[in-house]
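The first chain written gets the first letter, and so on, giving A, B, C and D; residue counts start at 1 in each chain.
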Amino acid sequence: MFGEIKGLNEECGVFAIWGHKDASQVTYYGLHSLQHRGQEGAGIVVSDGDKLSTHKGLGLVTKAFKEGELEKLQGHAAIGHVRYATSGGGGLLNVQPLLFQSQTSGLALAHNGNIVNANGVKSDLEREGSIFQSTSDTEVIAHLIKRSPHPTLEEQFKDALSTIKGAYALAVLTEDKLMVAMDPNGLRPLSIGRMGDAYVVASETCAFDAVGAVHEREVQPGEIVIIDNDGMRSQLFSKPADRQICSMEYVYFARPDSDVDQINVHTARKSLGKQMAKETPVEADVVTGVPDSSISAAIGFAEQSGIPYELGLIKNRYVGRTFIQPTQELREQGVKMKLSPVRGVVAGKRVVMVDDSIVRGTTSRRIVQLLKDAGALEVHVRITSPPITHPCFYGIDTSTKAELIASTHTTEEMREKMGADSLAFISIDGMLEGIGRSSQDKNCGQCLACFTGNYPTEIYEDTVHPHDKVMNS
Amino acid sequence: MFGEIKGLNEECGVFAIWGHKDASQVTYYGLHSLQHRGQEGAGIVVSDGDKLSTHKGLGLVTKAFKEGELEKLQGHAAIGHVRYATSGGGGLLNVQPLLFQSQTSGLALAHNGNIVNANGVKSDLEREGSIFQSTSDTEVIAHLIKRSPHPTLEEQFKDALSTIKGAYALAVLTEDKLMVAMDPNGLRPLSIGRMGDAYVVASETCAFDAVGAVHEREVQPGEIVIIDNDGMRSQLFSKPADRQICSMEYVYFARPDSDVDQINVHTARKSLGKQMAKETPVEADVVTGVPDSSISAAIGFAEQSGIPYELGLIKNRYVGRTFIQPTQELREQGVKMKLSPVRGVVAGKRVVMVDDSIVRGTTSRRIVQLLKDAGALEVHVRITSPPITHPCFYGIDTSTKAELIASTHTTEEMREKMGADSLAFISIDGMLEGIGRSSQDKNCGQCLACFTGNYPTEIYEDTVHPHDKVMNS
Amino acid sequence: MFGEIKGLNEECGVFAIWGHKDASQVTYYGLHSLQHRGQEGAGIVVSDGDKLSTHKGLGLVTKAFKEGELEKLQGHAAIGHVRYATSGGGGLLNVQPLLFQSQTSGLALAHNGNIVNANGVKSDLEREGSIFQSTSDTEVIAHLIKRSPHPTLEEQFKDALSTIKGAYALAVLTEDKLMVAMDPNGLRPLSIGRMGDAYVVASETCAFDAVGAVHEREVQPGEIVIIDNDGMRSQLFSKPADRQICSMEYVYFARPDSDVDQINVHTARKSLGKQMAKETPVEADVVTGVPDSSISAAIGFAEQSGIPYELGLIKNRYVGRTFIQPTQELREQGVKMKLSPVRGVVAGKRVVMVDDSIVRGTTSRRIVQLLKDAGALEVHVRITSPPITHPCFYGIDTSTKAELIASTHTTEEMREKMGADSLAFISIDGMLEGIGRSSQDKNCGQCLACFTGNYPTEIYEDTVHPHDKVMNS
Amino acid sequence: MFGEIKGLNEECGVFAIWGHKDASQVTYYGLHSLQHRGQEGAGIVVSDGDKLSTHKGLGLVTKAFKEGELEKLQGHAAIGHVRYATSGGGGLLNVQPLLFQSQTSGLALAHNGNIVNANGVKSDLEREGSIFQSTSDTEVIAHLIKRSPHPTLEEQFKDALSTIKGAYALAVLTEDKLMVAMDPNGLRPLSIGRMGDAYVVASETCAFDAVGAVHEREVQPGEIVIIDNDGMRSQLFSKPADRQICSMEYVYFARPDSDVDQINVHTARKSLGKQMAKETPVEADVVTGVPDSSISAAIGFAEQSGIPYELGLIKNRYVGRTFIQPTQELREQGVKMKLSPVRGVVAGKRVVMVDDSIVRGTTSRRIVQLLKDAGALEVHVRITSPPITHPCFYGIDTSTKAELIASTHTTEEMREKMGADSLAFISIDGMLEGIGRSSQDKNCGQCLACFTGNYPTEIYEDTVHPHDKVMNS
């Protein structure tokens, strides 16, 4: 059960380091702490000042890298990438960083996000003679850099970035330079830290804790940061727009121990839970969260409402992709793999079940069923994000609009479908307030497009979902 | 960090089913839900009424069994086993169930526990001509069954059980019979359930939820249950002693969603946390538990004390055995793999850190350090088991007495060593009360040997730790 | 094509060494040179004087043993085994050497051959309380040793051997002794050599060349050889019968570079080819052999007949067990995998095709077809063994009698079935003469049972084929 | 022994098919028969008329492709490639066919050979903005096609070919077209056949026999052949130069059952052996060939000289890349892995040892030693190619000039070094005559550059060895 239900999938995690003699090892540990952002593949490119070397593999970081392979990656600078789980195809060709070797030098790129005008740019490039081995945006960016008429790599990079539109947290490594960049809207998170004398960059600050680094600051919207033997310097490649960081990072993607744009994720989630308890209170006996993403919010809901927080649901921590799926018949007999109710906690109780989001609605329906089968008298579902009614074009693999249940059903219809006794979504304002960023900024500096349809960038007719871009297998 | 620190290791998990046409598949899902009881190896033996077939493999259930292998195991009855993680050696020969084939019939055994007079019995058997391919207790039991002069298998089984002493939850399968047995003290858990017309047996009731079965009752101390085409029948092979179920099943081993001997584990742990808050209260700002085993207790401590419960520590859920260990140098630079502090939660706070047990003390010391490095002002450690001062001979891989820090240090010395601001263990009475079993029974029906040294069975001079029994590689 | 056609399968290869500091490594190279005798699994047990250690694996020696595993096997003495390919089941439990650990010492056995009274002995043992984890003969021998009332291991070994009947080349290792034995009829080959100060034992002398050892002598029928720190000594455990070594070792099994019982295999095969050219000459343009086993014989036929020898058939050397079989449809379109005709050699020619044996006849039929399709005008088949009309009970996996085409068809019928222009088998006398052993001995000291039905040992009603003994998977 | 000695390595094998409903399966069997041309990696691209799909893997064809993967490659046209064994690096990125996906269509290329002006062309392309993911020539060709200003793919292809210089047998697949091409000198073999209505193309004709196809003709020097739904058509893209096919294909690379440019390889090799017996006869007792490549020549030498041909050397057929190398110490004790002498054949004999070529001389020295250690009285080495004194730039991984022993030593010096009693190479004229192509053509239409230094194409200053082109790992 549940194992097969895809909800939201984060696009990727990026890690980079400059100035550490064990650059590839540190990157390995950093990527491991970003593993929740992508489980399909992992790769590292390392520079020893002279040349770039790389290793990539499918699966978890620990599967992709074995002892010997890591040792071969000697150098003082590295970038690494974990790639999200995609059902259809993929294969090693699409695992990042991508590495391009010219006669004289190499260029490696690791990218989290999605370029919305990729198709158009690609057509232009193809007309000029470019050819592509993958359909990834990253390859487009590399072509733009190489084709830029500017004399220095930094200017070529700025030139390339001025052409692309969309969301990107980007790390680029050459033999003698590390460059990172953030899109003008700052849609995806990217932080800078220090590890002794070394510089580190990561999609989430939990990677800094994992490698013993100290968080320094965020990469700003429209900023390029260049790190080389002369140290770190920064410039803007675009007029600073309002930051509009992805709301779902707080609600679902990021790890609770990360600070996303300076706000701790666990704390934000707990506030979301409290906020919900205020907005849509309910009489009940226990509060439970759907693990792992909704534990923090459930704690908050309990604290605010005074209803005790309990472990009402257990997630089997050994569920992975190699699981043999039960047959339909066994499924009907109740065989399940991922979530179990804690019968002793929910039987005979009125249960508040807190979850982070509803995409297609199937998962929620099954959890409600689970709880009722385990004897729950009532199940009240509280969702700590507003209804998701529009697809995301910024690197998140939500379904298409038609598949988003909230775009075609009222809340009451959804409640009925899932068999819950009540169902409530947090309000947009409640979510903004819960996360707690200054209300000075428009939308408190957050992207709300999947709830409102107001996309912070242009959307092109042929804008594609990231998961439609994978072709080789 | 931490990955390498072994504390307690549960011996194994057992699952059995009779009367289901997809017996091996159901066993696969059952074993998967018992995976926390053993990650080194998994095996299934299935009977189709005519012959026994088996498959075993190293590693997690999902690694040991691939689609094709499961399909080959056709039959209506099965027993399965997951084996605990052992550092030294092991190999496929030691993965259970063990299967013995005679000219006319087969005999398969799956065992959780430890036979304390195994060495003596084995010497006797060898003198009579028995030879052994492993050093496991299970092989000893099989020999005793086969050598018994009694005419029927059931009587042979009883005969064998009357010879052995110690702890065992045992499942035995032949072509036409499933037999399960529990040692006279009832040291290890074993439950019976129904899945439609089929009978199921499992070390923990969470396996029943996983396969859609209904929990019926416990296998009683000194009881043999026989299931075959004539249904289920039961008899006692030994004078019923007082039940003395392992206390650590509640404190640490079992899954929170299991009911162990009719008491829900999460609820028991939460009570343990409450009990601690009463016994050794402390002024603090946040309560946090060491995941996953101490979350429930931390919730209880928070509820009782009124101090808010928070996720102060995050456990990386992708840590497994294939991790490349950081070098000493990287470790000193702060690279860690398993646990991260949630800086935003603990920085500038007085933290209560609840954990389940202290074996060698190294893990606790590191967690205290982690929290302090993340800015915790004070760290107050609360342990929901009494000090472990004696080794366990009943299937738990604690260290030898010399390694048990509590057997050689006072609580104050331990506190000092781990750098905590305060340290307290639950009292034995507090633990018994917390778990909540009727105080009519001696020790409320629980084994307390590792806290008191009063072993419920004889202990022989040559009694060995289970982890000293593995030889082949 | 052909890949799926099983003909004869040798049972196993045995290697042993005493007194070499890299005993396990040498055994690895020795087993590798015996790989043609068994590809299903390989194992080594090593003694360091104190204890026995083992590693086993499925597949080729190079797959079963990886660098690290070999290094762990430290000691000065070792026995090793390669196991034959079996279609049905098998698994790691059946890979040899088998290792039995008692409280005080270990016992490891590696065996090539087949015990014809295994079932009876096993029944007796089971009545006395023995239990078996496999159905292999080797386990029976171990039980007999352990149950022997005699005081010393050597006497126990002799005692055990006096109970069993059949074919065996056997190596037994304990912590401080290596013992090898040959059945009273000397049915299987086993040779002794020296490698510096060390003693080596192997199924074929090609293993001595592979490890740089010097061949010394054969283990004699009914002989036990004991090697320990006092050196080597020998005794007879049975009245010496006439040696009756397996004829098929010369015809098919052994490697051309081995000397089997002092006769070089290539030379013997070449003589068989010459003999055939004398017995059943034919007018033709080219002689070709079916690679690899019949190359030597084809060279001999060519030399004797004056017809030029050519490579008329090529065997793809990358065919292994992981090959994806062509569909029936592709097969009909001519897709083949193992053998190809050399069109330039056979087109428009009258071809003599020499092969070693005919079991079911399917392979020969297909090769004739191949050659005709490639343009051969005539195909004359010459088989360097007499018609195989009876099953082998001495360790060779021939089919049952019903499947042996020669037991139900005349030579003319077979010729017709396979579409050959002529077909001839060597005569029994011709074969004996070709191999060239002294005609003083009965049958020149060779077993002829599969051609004549006169078995050199008793055959019991329940004598089983070795391939029917494998049960676990 | 020997395992580690690299001599010559063929670059690759190419297979293509158009018009067969099981195109990928047939390609799999075709590649399998070309496996001797490359064991490092294998790949297939298939077209279903609409889109291209691909799968690649490292290792042998049977390892790279598993059942499921082949099934996913549905289509009526395919190209496939096997890649040669390279010691240094490589990895999946360098496995062919390379596949390039544009917005509207795909382009796949499989290439055997080497482009001598690749560096220069690449520099030009990079100046115009091309970027490269590998350093393979094939990527250069793809860029040239895409950048060609011509309107049709065929013209673009011709345009690209007019830019490159060197050796190439090339197959290009798009959704609706298969194109193959041969360099103007026809340096590498490439043949066309029919399989029912389907067209097949392969590096060697043995692939046609393997799939049941009929050989039709060679792709001519400077010819492009286009196959699509309108059938097959051909054109010349370059003024036809004299064909100069690689001599070493006859001497060493190709399979004996292949016809290379209409001459059967076994027959050619046998003639080379006869020719040698005429040029440099010797008194001896036996003739033996180094398996597998020199068996045919040894047969020829024997036939011509009247000295009997024997199997004097056996090659272990299980030697692969996973072998654990013996330590230096074991090597000195005589442990060897690949070749064994047949003691019974060579002991006390004067032996003629026929081999195909001498690159660094180490292998020959060891074989001479082997034979002498096995008792050979004299060893006379006969080499069926002239001394290799110059590197090959056409796709063969010979060593650099300095490593070629014949470029720095006289024949007498080489003989002395290898400890042979005599050593002779075939003469250039003898080789040309032996292979038997019409002497009308210059050099009988063969490349002789590695013997003479007269390269059939320009050689650029920066011409690189193919094995220096692999970078990613």
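Of note:
In the analysis below, a contact is a pair of C-beta atoms (placed from the backbone, for glycine too) under 8 Å apart; a residue touches a chain by one contact, two chains touch by 3 or more.
By chain, UniProt protein names: A, B, C, D = Amidophosphoribosyltransferase.
What you see is a predicted model; the values in this text were computed from it and never measured.
Relative to the C-alpha centre of chain D, the farthest chain centre belongs to B. Here the spacing of chain A and chain C, counted between their Cα centres, is 60 Å.
Centroid to centroid, with C-alpha atoms defining each point, chain C and chain D lie 36 Å apart. Averaging C-alpha coordinates per chain places the centre of chain A 48 Å away from that of chain D. Shown for chain C are the residues in touch with two or more other chains, of which there are none. By the definition given earlier, chain contacts exist for A-B, A-D, B-C, C-D. Put simply, chain A touches chain D in their complex at residues 53-55, 72, 92-93, 98-103, 107, 119, 122-123, 126, 128-135, 142-143, 146-147, 471-473. On the side of chain B, the complex with chain A involves touching residues 22, 25-26, 28-29, 32-33, 35-36, 39, 60-63, 65-67, 70, 195-196, 205-206, 209-213, 255-257, 259, 264-267, 270, 292, 295-296, 299, 303, 308-311, 314, 316-318, 320, 322-324, 326-327, 329-330, 333-337, 340-345, 374.
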